[in-house]
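This structure is in structure tokens; I'll ask about it shortly.
When the chains are written out, they are named A, B, C and D in that same order, and each has its own residue count from 1.
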């Protein structure tokens, strides 16, 4: 059986919520596209399926977009052809299925009555289908299934007199999550939706250039200087006149996706003033405080569980040990022997170290349980390596609801926590004990007394941006490119 | 110096007019996409740059489009994913430049208010820029520079009640050349523009299936039966109710591109009742009759010059010999030594056979002279191989005007015949004599007393479909994908 | 069913004897490897499976060898790395099977006590297994199944004092066919076996350089000047002292493979003083003289049958027509629909032109019938295109015996002519008449009164070099690299 | 500037000693090659340049070997072709240079008088050049520059009566380091040299199969059971009669490469009874004991420094923090902007987390300093991220001598520690303090009172196996395949 990394038996190998994208943009730098290339490389954790860069020079928009990792998609000649001192780029997460729509390539680039325009989007619109139907009814055609194409159409049909106003008119019609980086022939624009679901930061680079990035970790590699987070509901326009800031939306509450701190963002990023690594450590400490356990070792499920496990171990004063080793040479597919191997999909990535685990009471720290299948395999592997007890501690509350704001989650039916008590979950994953971080513990860890300022819908079911309860049936013509 | 096949020094290696495309479609066959694949393979001479196939099943449109030859673009898994019993495809000619716009992939596939739609186009609209500007002004966005996208937009914005009427409304706005194959979820449609510039035929395949093809040569490979030529100005709709024929345009004269007979079409095709090979032979005979010469051998410039040379030789009763051998293993690029080789670009394809040529009075038959650079090199090569005399006979009239109906031609300035007398041209290509077929000779060869029924604008400057003499300055934003 | 081009049902698509290789070498040219690259490209018809080049500079041997066509195997960086002013290369024919031994890469390069050495070989040794067994018994190891490795071993174990003498000692032990190009750090060497089965020519290139090539057609492209054929039994050593000629073998009769004139060589080559194209035309004329027929058209099976058909037509005074068109865009594999197509394997390459064939009495000229399967399909295709009569004329005698001198032929059992009368063959291929060139007719066509000077074993069974009637059972360990 | 990952300016990016190889073998399992594939994947850290697998079935040896990571080199069809229930494989480390000799592919496979034979080798022979010269003088030819080819030749020329005795005779002539896995048509053999420089273990797999592996970590993935370490000087023969053990060499001291514990081996492996992760933690603790420091955080240089840093932190009771984040999506090449970026080569892999480092006294734990260039950059990066003090602690003694036993090390001149005092080194890397583990501390950490049982030549200059002080000048003909 040829095994896509994402599939193990009928289960995804990587049983996480999946981030949708990372966006990056450069204004006024002689090697704009090369900096975008490096920025995307540093944002690779936000999307490994495909990568794209668009640059513009003298009204000509040049693009290169393909499947694969940044380092594989772009070669020197590709970057050399991406001329100009303005450029934006995009990385996209790895879908579960084998077949993807290669028309869904970002950044999207179009020609309009007002000239060329490129756009890259991280997030998800909850009214995309409705908008698309409206647009189609007036004669718009769609060449992809991306929300980005909706935004571009709305901008193009606006009758406002300039690009900024047209884009604002388009944005006013959007509901949902979006961190956008857009570009016309003169300006690079960054927008964070009114709720600020997804992060976006502004920096400076070179002598006079500017940079927009999903995360701060991408600034360091290109020697850019962090200026500030783009604010929820803010549109930043970077052009010949410098940086202008617009707040085109009515003021409303901020709802940063709390999962960025739990799993999505790189630990060396700082989002809205809070360092991700530090947040994860505090989360681990809070997890211990909420659910202490007597044990001999604290072992993270690598790599994402490491900072929380460290926080847990330090709070608990239990030794922290790398009792599970991750193989970092994992490719996209693996060939499994016919005489199949137990837990092959997990083993190909993770190997328990019997010397650390044998005879020990082990606290296993992971960041989330989605379907539970991977957790179950890991617990069994750790026990097979001799662990006397396996206590699973999850550095987030139970994920009971799907996300509609840009994260690829299973349906509610597939979410283990949606339909099972913690005790049933413990039994399923065969752990000696199982505990989740509480929502208050989580907010405490991100320096917040309450859920204020965050979206925690996947834990609480409180969706901060309404979406059609009985949405217009989705009957999009699927445009699949193989 | 790395040499793109298309470039020799500053000249194109293959100094021909270049055909734009071939189109192919299948209705109601269980292996529709595979038949389209074979059809495109048989139409490969009409375009070697890229190939694409779209199929539809249960309202889902699947596509696979990429650069390269048909046999390289499609592998078994690609074809297996192109499900459904309706499918259309497209091959595109090889551009001169190294960089192409990969967004310009055909068939184009879009989602509209009325469902999915795919379209492939051979030809060129003379009012495309005007239409595009109008469309953009009403808010349409363009993701490519293809005329096809214009047609699709016009179809999508039509307010008519069904697809056929919307498509007709769109077609009414087009001026220029188009042989279209289109598809929605229920029907496959073929259209030939009112002048019938480009060929398109209808056939039957399998038990109940239909086929549309640019040329008849593609019918044989898939064991399809030729039914008839689509008529100029005819739209054929193939659907569950069978084949319907529409003539949505006012009647006007037919203007089949005469160059199809001279060079573009495959010799085993029959267009509008005239077999191409036979036409070329008659052309060769007419060429001799117009411009006889005393000589020892008639030698074609392979491969395109062969049938005319044969006709010339038979009419002249001079032995026909393959005095120039063509290497058929030519790849896309060749690496030339720094210490460069005379006529490298021609030599990599053609090698004169001294044994046949030495001491002989040679009639060299070629189909056209565009810039003249290749002819000059071939004459010099043949003379260097010992020919006593080199008499060049061209199986078409002097090409003095560019084409605006779908053929890639140089500007008028670059056309040797536009600015030089035949004697000047003879001198330039260093031939002992040079003669072109006359226009009357040409029409006689295609069984026509007059130019009636044909477009001969490249020879005569009589453009049968008007186009803007001072066209709106083209300021399209170039969308280049590398 | 995925169809390797070489297979149609259980039959090879290209039912020809297959040439084994082409060899090429350059001495003393600043761009030696680039010239070898061009030389191999011109010899591509002698082998399409793989290509390799070795160069040497300051005792360092650099090589690049891979599967595929010359234009695909070598890219600029590969050639740039092949430094030095001496270089040799090799192209290898396309095997029927999908899996090949990639260790069988030529030129072979080895390090020996006397320094590095490279060798490329066209031909076949009849005592290779015996020699290999002897070498293995003294401790030699083999990393491939190539005869070339045998020759290299024999050279390495020789106790003679210099490379030339060691090579000669090795050659003395060989029986069979070989045209070799070898190279050590100071010299390039060409050898033609005593019978001269395979061609090899010497030329001059650049200011002071020399070239060795299987055929003269490769000299033209690099602007080399033909000097002379290497003689059977001659070894030419090209080194700092110029060109030396050795005749290390006892004088014996020359036996050039007659099939080079019939099919293998390119028509623009001249072998041992006879131009291949002219020979083929005389062969066609002789074929008519031996087996005249009343007919309306003479049609070649393209491309190899063209010159003989032309000779036939001129002798018969019957019009020569290209009634079958060959598609030159054939790739390595084709995907056949499940609902299979009659004669798919032939149709993918050849298409009959009904306009030329319908109602005509057709003489179909091909160069040989090996298994007969392809001929049968072509005859049926031509008849299906409306031919009134189909008379097959083969421009060689019946091939009744396999070749042991370097040509890939089926076993005797598979050779149609070995087990069937001409009448039975005619019936099998469904022709109205079938006739083969006679051996005397063949020799007459190559200006020879008798078989003297040629190997015609495949027609006559007269094998000029003896080989083990009951050879040591071949028990080579197969070393297959996938 | 296109940057090979291995090069940063004029310095290697990964300034470590580099392991040479990993070996793996399977006896008697129906999916032998697939298990070898998984085994190699788990040994990927021992070599990322190339991978190869050989299997044997009914005397036919099949091989697939290519450049690249295991997951990239092997696809399902490759593995399907590697039939048989015996198979061996090899991974090879990544060389510094861009051009490699693709003839140096392992396992080597040869045909000899006694049948086929395959061999894979981890280590280095100190008398390889001498043996090669002797072999060449008797007529052996070399197609690579690998020591493995020397061993194979020695085996082939032995006059002993069976394969085991011939191999033993060959081994007797070898001096140096070798962990071998070899295979003929009936047996799989594992050998560890008398000093036991490189690890090799035996396991059981499936119902009756056996496995040989460089490290135990590769056993887990294929569900094999660890049986025991192969002993220094032991040859294990696995055949139809089961497992036989031979000790063909005179008894001598064991000298396991101590660097396996410091850096090479995967932390979840256990070598000669000592778990690598635990050893590294003890090393870290010993490092603190030898060189304590007052500090706020202990930060590892990821990934190799992590366990030692953890041991250091626990012993020191200073918080352990992942203050430097490693990007695991690193490809083989990166394109650097022309306007170059400071420390680009290090930054592309490592990013300091300012939130953790700013204002802190940082202990930076790394495993070794080779040239010092990378350490210098990391220290500067950490300081630029705000660290108040940077104290570097190296979990090995200063590396003052090159390795001649299979590890790719720079020459002595390039080893920073060979020519500088610790204080000079500290100054060079710009640290506030620098300290190395002492040799006694190191031995204590691996449970040994003395150097007995280990090779520590790279620290001490005590080379346990003599090698030519003035070796025969190496004048190997370089056989470079690009």
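Going forward, a contact is a pair of C-beta atoms (placed from the backbone, for glycine too) under 8 Å apart; a residue touches a chain by one contact, two chains touch by 3 or more.
Just so it is clear, the structure is predicted and the values come from calculations on it, not from any experiment.
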For chain B and chain C, chains touching each: none
Remotest chain, chain C as reference, centres from CA atoms: A
Contact-pair overlap exceeding half with A-D, pair selected from A-B, B-C or C-D: B-C
Rounded Å distance, chain C centre to chain D centre (Cα mean): 47
Geometric centre distance via CA averages, chain D-chain B, whole Å: 59
Residues of chain A touching at least two other chains: none
Topology of the chain contact graph, where touching chains are joined (line, ring, star, complete, other): ring
List of chain D residues in touch with chain A within their complex: 2, 30-31, 34-35, 37-38, 41-42, 44-45, 48, 69-72, 74-76, 79, 206, 217, 220-223, 266-268, 270, 275, 277-278, 303, 306-307, 310, 314, 319-322, 325, 327-339, 341-342, 347-348, 351-356
Chain A residues within the chain B interface of the complex: 59-65, 77-78, 81-82, 99, 103, 108-113, 115-116, 133, 136-143, 145, 152-153, 156-158, 185, 475-482
